[in-house]
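Okay, so chain A shows up in both of these, paired with chain B first and chain C after.
Moving on, here comes the complex of A and B:
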């Protein structure tokens, strides 16, 4: 393509370029804590290595003095060759936007102890528990350090590099047993009892091993009834894991005083398959279809996040048409996801099926388009490094593609959104159930690292498409939807707003798609085995329909597999806010509050 | 006014209710709304109105060309009187190396002297593990493995029926042309190009290399669906 359609952005770096907020904060942080910080000098790495015991003071300075008040991601990395493990923190500034301040705390591999950040950033709660579960970090001062994704009593920490699954074949795919002398077998023939478990040698169960569920109940608050008169007991109830209201296999352990929630703890991990360990066994391209299975309602966006992270690592560029197609796909995904989310939220509120199926009719057209373009309705596997897998199809459901898209974007989707508005927004029952219920204040929303619609419905206008634009979002005209009350009703309304903004974006994208017809859709020759051209790390994040989806990928030079592959899953971290939001409300409201967070268990459990 | 929101919402429902009858009437003179291919196609497009139910299995949604469900192996159309045509697969193993679930097993055939022969002796796909991602078909350099459109694979016994062997997987080229005509045609053209490029190289030793590279790149574009 020779004709350039886009002007280069105005703020090209000049000689006297201003420091980005992250660089500025990094410099100031080094001034304030000179003794405990050092630059991360490994090739391809960014950020600073912090003396592990001082992480709380540094984090406090970042939050209070430098405005980096949003702890997006906390994850572990096993550096087995150096005998160390490190925790990687990504801090962002809600007010100033831009890139992250990355801190790394390294600890001894045999004795991984470091202070917890939960007291400063409550959003670190689940992520530290995950790091404890997967790597065995002992976070001192964490109020409730239990396993979260695997079950209590699980042997070992699965993401450590020396941990092996029950049927361990090889460290990396592709496995040698498949070719050139492949003799078919099934894994279940090779594990005891055909199950994916391993038993210690000589292990004979006594029955007591199964009594390991007490920890979750001990963590719950049992405050004494201080009111005079009738003394009542608190009751602990399990909502789920098999319950229509939990949107999957998800359990909420609640303590009730009558019908009022005193305390709530989510129990997750029923769908856990160790996505990240699989990802570290896979080659880079093999991970692409696996990302579809995270948030299976918005696989296109998941693909994009991973593609961005790997493109950053590989220094690949994306041709223009591919970028427009990507935006088209992810914005359609956002609408499809929100239609689904609203349908289920209303379902949870008691508007059984009718609104959901009306929304679903239009979502159906979007997945039809995905099917025609990528070959699959939900597991799209559509993005590739430096492009997309296929160009747009010729026709969709017997209609030329561009006409189909126009029909969809100018006609069907706006009509569906307006119709949903008429159907439900003014409904007195919905208003009575939703207004003022499950309130999340802006301070809490930021502190608990919530993202996406949950954060923005609490009055925090933070959208990665604006704060740290990727793809061509800085060329597009749209508003960041924001609502200020932070209750269920606002989380309902913000999704309607976001769909309208997505339509605005799509209307701008269509002319570019027409203009670039026939242009290349990928940069380099596609290869089945791409190797990292350099060692290093990269963090790609996108504004998924459910919030910030981040991929932390590290690799060694010439390696075909990621060394570390971490997914910052928005649904998982948004769940941190569920307990505080639900406190003081009735059982029936909890169902609606959960629905308003909009979780997908494929992503929560990973 | 309290209750107005509910009434307004009910209006939407009544609209849908009446709309479904209006659409019935619209198709009444044209062979009815159901079991009528023309009506069915309109119903499934953005122009469709009224009830959108598909009466599966009597009615089925058409599958687009790129639809992918469990791979199959392409063979030549069998000569008259024979059941199988020549395999296109050369047992190069690229599909195995790219398969995310590692569900493909290939045993490469051997010549009598023990050297490898570019032909599969056995070929298995465990469809329980296959995640229908389509990467094998995308990266196969010989167009030998393609994604099928047959999604009705239910069976009574998982342990015996779900490992597909070469016999089960092989389907003639005519089948591929039938389910995916445009793509098959584009691949035909690309193959002819590549063939021409090969002979060119043979003719003039060392010359025409750049042409060949350009043509291979173009061929890759065909695979990516740029020209169809």
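Moving on, here comes the complex of A and C:
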């Protein structure tokens, strides 16, 4: 370990002026499609505006000829002042890494019709449905364009800028009605029904029940088996939203032939908490505690992703000690998350609770450290733009912090991981139920935009910490864990591998933490004064324990609130692969396959 | 001859010593209540039902370090029909609330509801959201509210102890669930998802509002027509 304190070199331009893969692809794309592409010339915006009807051809060229085969994020934006709406696409290259190629398709606000990308990138499926639900985009050629987060029959498209929620007070926080005079009132008293509801003017219930269930079943293939002499039928079964093995309020509608799965549709939205609508009313810093509640098992990593996106927008730099603390927190989060995920996966595989209880003992140590550092066990709200909220605590569980961390990183965690590995990895039942079940090929994994352990267990060594390094990850020595079979067993093993790699990183971080003790952890600007210095957009992404977590933030100059705030949630998009993975397996395997994806509903539904 | 204190109007009936020595004569409720409540308070079975972030702390409470088994509450049942307690552990959304009310209706009595965390108690940080129910108590009777976002395991245990204290105060003689005219026995109306969440108890208000609006529209149309004429 060198004893020189590192200078932040990540942002400094290198001596060579070689084009990045994204710039190269952009230039080539312009050559190939000169008539339909134009640069996005708005101040602070990147990428190209594409003629909406040609988006499929351009996307096809990107995937087939230029190697940008990973469609990370698809999201809508409402440009109400221009009378338009746009869909923003972020494409990445799995092989070459680096930044994104950003495409934007603009359509008329009154008639938002554009072609769907699902035929080229199946991973766009859920994201396009979300854009339809939230904005009303009509994606032509989408196989199953239904509402996804709200329900069929919901009035309006909530993320449109002119759509107001029942408890609407003002466009932006802090609300003048509450501040600075400090008035307090219950918003329920101001609505006619005394609760958080509103109905279209003149709407009265007819007495007919709204049957939202039927629409779910419509998307399923349902057919009578034509075996001669044998009368059989397919059965549709619901798992969830209240089910012990769906990891929350997730629901699967499964069509069964005997016990074999013929079709599976995930139904989500039971925890849709309107993260983005609230986020667009909030000031920038107010969103930080909300990010905790996305993937509530790894709040520290969520904080980091949002901090990175906003720091990019605000052009802020982070002091060195803060960066090391961030990496410490994020890697500990990864271990805590994987301990949790493995406990639940083994629970789903039949090792009821025992491994879970063992794993959680060590997780409690990490959680205690988070509590000492940030004040909260789970909802840490710890990162700030250009730094972290507090320095490391003096002591944890009555032990000096550094000693506690050393004990944790060199002793407790490795022991727990090894113990779990010894007891469970070779276990006959685990092997019998996991090997060869729920296979996802690398081609499918990329096409379906899966991320994180799911992608890497299918043999695709793509890790954002390596592909597009952020923070100080380019100074750290670690391997990208990869497994090649793409079944449940590999998705189990890769989490064990990743925990070991995280320990390696943590062991490298500790000396830097000692060296930088007492150094500033925060830039010089107070948080509440931070406004966007320029208008523009930014996309910050981090390798979360569950996969690529991206934040798309746009703002106007001198504005204190984000104009568009979108979260690219890995759990949500990883679910695209659930149906294809489960097909042909028995109904008991679905639970294990779902467990191996490791979803968190706070992030799926947002 | 002794006079047994039976606590009733007939308390002064003389009882032979022989009988008093071998037979308990007293208020049956006073004798049974502690036993009845002791057994119920120490075997509260919650539904395995996690909604959001609070569910993680609920699981932590149940696992090794905080060990809910000390209170006889570790038996999480996956079906509401075998449960005594529903811990509303997280944000209740409009899409979810029909399911929750249906689950509550399926629970046998006596049944209790513990509202865990800020979201379940009043909407919490997500209160202003368009898909969030501002408190489960708008739909279910809540016995204990636990503050926090999320409440720590200690806070949840404190809430469960508060529930135990509530159970201690109940009497077999007055418990509503043994009465023929039990006011709590009826099924709660399951809300319906229309253009927004429709609480069936509010149908009259909604219809009245719609009628008001129609009247307004026709009135303004009439004014316009008159102005045009």
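Assume the second predicted complex is superposed on the first by the 573 of 606 C-alpha atoms of A that agree within 3 Å, B and C clash if a C-alpha of one lies under 4 Å from a C-alpha of the other, contacts with A are read in each partner's own complex, and residues count from 1 in each chain.
Here is the rule we use: a contact is a pair of C-beta atoms (placed from the backbone, for glycine too) under 8 Å apart; a residue touches a chain by one contact, two chains touch by 3 or more.
Just so you know, these numbers come straight off a predicted model, no measurement behind them.
Enquirer: Between chain B and chain C, whom does A:588 touch in the aligned arrangement: first, second, both, or neither?
Expert: Touch status of A:588: no partner.
Enquirer: Going by the contact rule set out at the top, does A:364 touch chain B (first), chain C (second), both, or neither?
Expert: Both partners, chain B and chain C.
Enquirer: Considering only the touch criterion stated at the top, classify A:397 as touching first (chain B), second (chain C), both, or neither.
Expert: It touches chain B, and chain C stays clear.
Enquirer: Taking the superposition as given, does A:243 touch the first partner, chain B, the second, chain C, both, or neither?
Expert: After superposition on chain A, A:243 lies in contact with chain C alone.
Enquirer: Which of the two partners, first being chain B and second being chain C, lies in contact with A:94: first, second, both, or neither?
Expert: Touch status of A:94: no partner.
Enquirer: Between chain B (first) and chain C (second), which, if any, makes contact with A:408: first, second, both or neither?
Expert: After superposing on A, A:408 lies in contact with chain B but is clear of chain C.
Enquirer: Figure out whether A:290 sits in contact with chain B (first) or chain C (second), or with both, or with neither.
Expert: both
Enquirer: With both complexes superposed on chain A, which partner does A:178 reach: first (chain B), second (chain C), both or neither?
Expert: In the superposition, A:178 touches chain B alone.
Enquirer: Using the superposition on chain A described above, determine whether A:379 touches chain B (first), chain C (second), both, or neither.
Expert: A:379 sits against chain B and chain C alike.
Enquirer: Considering only the contact definition stated at the top, list the common interface residues of chain A for chain B and chain C.
Expert: In chain A, residues 289-290, 293, 358, 361, 364, 379 are touched by chain B and also by chain C.
Enquirer: Would you pull the chain B residues touching chain A in the complex into a rising list?
Expert: On the chain B side, the touching residues are 2-6, 8-9, 11-13, 16, 41, 44-47, 52, 62, 64-68, 91, 93-94, 96-100, 102, 104-108, 116, 122, 124, 126, 131-135, 138-139, 147, 163, 182, 217, 220-221, 224-226, 228.
Enquirer: Across the complex, what residues on chain C touch chain A?
Expert: It is residues 47-53, 55-57, 60, 63-65, 76, 78, 90-91, 93-96, 99, 103, 123, 125-134, 138, 149-150, 152, 192-199, 202-203, 205-207, 209-211, 213-214, 217 of chain C that touch chain A.
Enquirer: State the interface residues of chain A toward chain B in the complex, per the touch definition above.
Expert: 173-175, 177-184, 186, 282-283, 285-290, 292-293, 354, 358, 361, 364-365, 368, 371-376, 379, 381, 389-391, 393-394, 396-399, 404, 407-408, 411-412, 419, 422-431, 518, 520-522, 525-526, 528-529
Enquirer: Could you list, by residue number, the parts of chain A that touch chain C in their complex?
Expert: Residues 149-151, 153-155, 158, 165-169, 187-188, 192-193, 195-205, 209-210, 212, 241-244, 248-249, 269-274, 277-278, 281, 289-290, 293, 296-297, 340, 356-358, 360-361, 364, 367, 377-379, 601-602, 605.
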